[in-house]
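Please read through the structure below; I'll follow up with questions.
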Amino acid sequence: MDFSGLIDNFGPLTVTGLAQGAIIALFALGYTLVYGVLRLINFAHSEVFLLGTYACLFAWGLFGLDQNSAAPAVGPMLLYMLVGLIAAIIVSGAAALTVEFVAYRPLRRRNAPPLAFLITAIGASLFISEVVGVATHRNQTGVPPIIQARPVFTIGDTTVTNLQILIILLALVMMFALDRFINGSRLGRGVRAVAQNPDSAALMGVNKSRVIALVFLLGGLMAGIAAVMYDLKIGVTRYDAGFLLGIDAFTAAVLGGIGNLRGALLGGLLLGVLQNYAAGVFGSQWLHAASFVLLVVILLFRPTGLLGESLGRARA
Amino acid sequence: NSGSSSDDTASEGNCGYKLAFFGALTGSAANLGVNIEQGFELAIDQYNKAKGSTCIEVAKFDSQGEASVAPGVARSLVADKKILGIVGPPFSGESEAADPIFESAGIPTITPSATRVSLSSKGWKVFHRAVANDDAQGPAAAAYIKDNLKATKVFVADDQSAYGAGLAEVVKSKLGSLVVSTDKTEGDGKQADFSALVQKVQSSGATALFYGGYYTNAGIIRKQLTAAGWKGTLLGGDGMKDPGLSKASGVQAAVGTVVTCPCSPPEAAGGTFVNDYKAKWNQDAGTYSDVAYDAANVFLQGIDAGNNTTAKLNDYLKTVNYKGIANTYKFTETGELDPNFIKVWAFKFDSSGDAKADVEIKTS
Amino acid sequence: MTEPHQETPEEWDRENARPVDEAAPTGKPASAPARNDVRGDVLLEVDHVTLRFGGVVALNDVSFSLRKGEIFGLIGPNGAGKTTCFNAMTGVYRPTEGAIRFQGESIVGKKKHQITRGGIARTFQNVRLFPEMTALENVMVGADAHHKTSVISALFRLPRFWREEKSGRQRSLELLRFVGIAHRAGDVSRNLSYGEQRRLEIARALATNPTLLCLDEPAAGFNPAEKEDLLQLIRRIRDTGVTVLLIEHDMRLVMGVTDRIVVLEFGKKIAEGTPAEVRDNPAVIAAYLGVPTDAA
Amino acid sequence: MSEKASFRSSGGVRGWFGRQPWYIRGVVVLLAAVAAYLLPYVGDVPLIGPQIVTEGIDWPSALFNMSYYVLLALGLNVVVGYAGLLDLGYVGFFAVGAYGTALLTSPDSILYEDTGWKWLMAVPAALVLTMIAGVILGWPTLRLRGDYLAIVTLGFAEIIRIVATSTTTLRGDRGFASIPHPPGSWGGEPIFGVTDAIPYFWLGLTVIILVILGVRNLDRSRVGRSWLAIREDEEAAEVMGVRTFKYKLWAFAIGAFIGGLGGVLFAGEQSFINSQTFVLQFSILVLAGVVMGGSGNMAGAILGGVLISYIPDRLRGLSFGDTDLYEYRFAIFGAAIILIMVLRPQGLIPSRRRAMELKDREKEVAPQ
Amino acid sequence: MLLEIDNVTLAYGRIQALHGISLTVGQGEVVALIGANGAGKSTTMRAISGLRPVSQGTIRFDGDDITKMRADLRVVRGVSQSPEGRGIFPGMTVRENLEMGAYTRKVRAEIDEDLQRAFTLFPRLKEREKQAGGTLSGGEQQMLAVGRALMSRPKLLLLDEPSMGLAPMLIQQIFDIIVEINQQGTTVLLVEQNAQQALSRAHRAYVLETGRIVKEGTGAELLNDPAVKDAYLGVA
């Protein structure tokens, strides 16, 4: 144990942790949405994210950008960001919908038990990541430096970069937009209704299939954004990137209270920061262990996560 | 040594056998395995081409690089009586699990890359190692940091693999007080965000980071270090000597990264290996492709010399003294490379994106 | 090897509860107390119980007691706190204040299964069976409450396993017969009709060998003819020596079967007495019964 | 434990089987067991034999692999299928069993000086250790509801892996070598040697049969009923007098025990283990096997365990046109999982009680 | 005819719940459906609202064939149901539950008006406006289910045992409410165990037995039918 590792680096560890946490949170929103409505741990969500990380790379590739390119000027950078985001969002959204249509909808039609969904989800996840793995020869792909990290301001020994600000802001904005949508809009109420009692929801005039598709789509969109941010922050992607971050994201979703959008944000940020602290104190190898210990401890005191479930069906 | 034999009957008599590659061809470690397999296969290809027939067949066995898979695959290898020798297993872990099986079947093995020190002390008679073990490479890397880089503050980290951790430990002990701080990361594919490590490196004031691990993680770390504005030098062992590193990090970031390797640069051998490899596989030779190429040639030479049983071939390995493209090979009693031939070179990534020979490191 | 549990003669008698048509009064003193017998032993005592959910006071200083062998009615308007009272008695909720004593022993803070083993069984307002298990298995789960077969004796099929398995099965079949659904023993309970499911719940509760059986609106969704059957069933249960606590909104049933009634309103007890007394109580009429057409 | 009436009325092979008198059933079971012991020689059966045996991996070894996968599937089935507790970290128990053995027997272990046991001596100790691990995991976490438990168990397995990787005592990637093989010799040669995996398979099969008998006894008893009741409605079960916590803990402990058995066998055959084996994907794979086969019934779990091990192994050395299927085997496997689940949502061999429901539900296709 | 059901059969897997039933409900009528446990009353309701697909037969609503129409579209057409088991959204407040009832409607002012009406009908709901639906008592949930069904201003209101779990006084009230909304122009199809009440308020009624309609007539006719009296009204 090395507390000086934490104390010396407290500020920077917090900031980088928040940025990582924001990505985790965006990713976690997809788990939380789908879980909230279908009570399904959508294992394939990690591959929805994975495809997003490759989609924006592909889009940038069309501009001739690769990991060896020089950082672009502000004008082109905005263009690239936009294009990258759009590509990732489209691909991730489409992937999420495809998974829903190919893997889950047929099961729902046949009234399959919950575990069956979990297993198809696992199958879909395995399939996608393996296909990507074969296609990329399991190599890493480097990301072009679209945004050159530049310090924006410094507090003490802590510099905050433009990229970190962008990531954190984007996560907050998306979370609040989603929150407003789910809790404020008519369609959002439909989502909650399907979550709590699908039959009754139909009796209220809610189109269940559309709501479910919407939920997958929204989760996909968030994953797409998370994917672009991930690419920029980590700088590299690989066929198993989704699986790896997926576990963090799912942990974050549960930590905050699965089915609870704000919980996902809180859980993600908390996890990101905590992992960094743990890496500071115990060494980077303990970072994931620390997040699970945190999870267990929190669940022991709050069995439904920090903020509890909100989308999900409360026990009648 | 036998010299070239143009005797038709002799060579025909020594045909119809197989040489096997045993290692990861799929799975997350496939990359390293494939590099080695392709080097191995290239050698046999060239041999067969020279013969004008498929004299020696290639047999590939995919262990996925996993110790848990290896025994079953090893047993199926052993069942093929035409196999005279094995290049592999590449990783130390799977070697532990598979070598006892090869030992009991008496099939000679030459590993081009499994560098765990203890492998040679198990009493396996079929075990041969075509590279120096971790005990040789670590001191060399430390010497390079001290003498060539002249760094005074060094950060040492590793990925906790048997290989990476062992290497880092040696480096650490050799560097002594130069080490300002240490850290460990998770293994390949188990961690992608190294911001905590990067931060620690930065705040430690180190001008050099030695990372015991493979190029996969190293590429990400290199990139994140650069993105965070760290200006020091990243160093590593043979596991990082792969163009994959710069493919991940971007050539710009990778330039200047130093890797050591208990092998000499293939260009130095003056052969056509580099080009031949590229021509055949449409990609650059990677880590240990050259050693595997040499290992295959050691076997081929032995077979050519009429050692057409596993026992004979194994005996032959005791006496072999073969000059290949990466090194000269002569084995000790325990199957280690003869200390006299242990060479450690430093390689440096340049703007081509690959590690080019820098200097030979004196280890004494 | 001792017997699975010490059985008092009357409990033993209950084990052999006979089918509908054969049901004959046992003639044992404890099993058929005279109506309105005010002196019976106190079985359950609800002592100044208050239960709050945040701002909602679901039970407000409620006290009453049940005597051994009686059929006791708990009635009151919707949301008066009846189900909450059940939940407090069976360990689902813990009272904010006050005590609940069963056979003289406090049950507050005890685990649900301990309370059941102690002798209180219940049904649920919304049927809660084990849907994928057969009717017989559902009842056997109840019967297991008093079994002592351990994991080890089940694993190695020790004599106790055989003994208890056999007696449990027999007893469960008898109980199914007793509530009139023996013909559905092998059917998955999910497939039973609503009425059959309610009966099954009663059989399952009886299988735990209760001293006190709590029924939460057992007649909901029954038509008058079916309610009549239920009334008979409840009587027969009481006749085997089980004390019955009944929540019900159907006044004909309540008035027809109970010995004593407590009326709750807004979590407070507003009346207590015999059916006749309660029926004529103006407070009860105002709060609950209204114009007594339904009770006609 | 299911009512015989409904069991017998179901059609198909199982229906036929259920209708036979006990001695015929006994003979059928016995024949099946004998056939299982003869599996290593199936390659000698003309025509079909060569189709069945694996190519890239030694067939007896593949069989041994199947045997410990089946063990794990059987154990996980107790936890997930019977008690309804979603455990995503089952590999943790497998790891504890294997590490327990290694710590007690491997010369690399810090305990070796004191113990230096033979494999057989280490077995009970390792199994007790796993059961304790099951209880340690279960005690604080079994209060949690379904999917929360899932993530916590996943975390447990990850923590075990990380601890194994990062502590010097457990030697991480370096692992433990020279773990002794099971004892016994035959004509001077050790039965459990290095090159021949058949004895290991037989050992695994024998253990499987014992486990099947034990689990079956539990299933058809008060214990099994309690598990089922917990799975169906935990609160109602508790109100009916089921000590839910105790039985959940038992389910965990028994699951852990069986998983530990798998680990012990694994360590004994491999003679080398390191932290690389005990990854999360392994747990998930076994879970997929249990559900694919048909959770809540042992035939299904066994089939599932066989499939998750056999499919990837069988795809070795197969090629389709010019492309080696090799590299695609996990992709194919993923697609196969989806296909199987979509076609048979209750698993390949649905549990008997669910089989009755399966056909019913299928017809109720609600308009989407 | 607002609703015409022609020879509808429906099965739950192997369990045939409806064996070809035909019934009609005219514009402005209150029609009651009575029968023993398991007769198929709720199943009929589910067929009409679209929660269960029918195997055979046709259902016509307002002149159109809706047999294969999705449940949510039927709501838009004007069919609303208070289901058996109440179907409350447990995590939504009482108010949100009621607002869900108006999901297909757009005009805010009208929705607010109806919300107030529901609160006037069931003052208890007003008291519990912010309480989560799942924590209401059984009877309170029943009120909420009926109130919610009214929120869509349906043409046809399907009530499945609306009096179940209600206290005697409220039972009176709920039947009064049914008559009242009917007079305001809503057609009602009512399933009831409380046959006495149902028959005396209904214009017409059907008797279901094991998935078949065995009798039909005006409410008064059936009230006085000896067989009906015997089976469903109980001995008074």
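Letters A, B, C, D and E name the chains as they come in the text, with residue numbers starting at 1 for each one.
Convention: contacts are C-beta pairs under 8 Å (C-beta built on N, C-alpha and C of every residue); 3 or more make two chains touch, one makes a residue touch a chain.
Please read these numbers as outputs of a predicted model, since none were measured by experiment.
Undergrad: So which chain is farthest from subunit D, going by the mean of the CA atoms in each chain?
TA: Chain E.
Undergrad: Farthest from subunit A by Cα centre, which chain is it? Let me know.
TA: Of all the other chains, the one whose centre lies farthest from subunit A is C.
Undergrad: Nearest whole angstrom, what separates the Cα centre of subunit B from the Cα centre of subunit D?
TA: Computed value for the inter-centroid distance: 37 Å.
Undergrad: Cα centroid separation between subunit B and subunit C, in whole Å?
TA: 76
Undergrad: Calculate how many whole Å lie between the centre of subunit A and the centre of subunit E, each centre taken as the average of the chain's C-alpha atoms.
TA: 44
Undergrad: Could you list which residues of subunit A touch at least two other chains?
TA: 208, 283, 285, 288, 316
Undergrad: Of all residues in subunit B, which are in touch with two or more distinct other chains?
TA: 160, 184, 186
Undergrad: Pull out every residue in subunit E that's touching 2 or more other chains.
TA: 12, 15, 50-51, 70-71, in rising order.
Undergrad: Please give the residue numbers of subunit D that touch subunit B in the complex, ascending.
TA: Going by the criterion above, the answer is residues 54-62, 64-65, 162, 165-166, 172-175, 177-178, 193-197, 266, 269-274, 276-277, 313, 316, 326-327, 329.
Undergrad: Provide the residue numbers of subunit B that touch subunit D in the complex, in ascending order.
TA: 25-26, 61-62, 66-69, 71-76, 78-79, 93, 96-97, 100-101, 103-105, 116, 118, 122, 160-163, 165-166, 184, 186-187
Undergrad: Per the contact definition, I'd like the list of subunit C residues that touch subunit E in the complex.
TA: Those residues of subunit C that touch subunit E are 53, 56, 76-80, 82-84, 125-126, 191, 193-196, 217, 220-228, 249, 251-252, 288-296.
Undergrad: Along subunit D, where are the residues that touch subunit C in the complex?
TA: It is residues 1-6, 214, 217-218, 221-226, 228-229, 232-233, 235-244, 250, 254, 353-354, 356-357 of subunit D that touch subunit C.
Undergrad: For subunit A, which residues count as touching subunit E in their complex?
TA: Residues in contact with subunit E: 186, 189-190, 192-193, 195-197, 199-208, 309-316.
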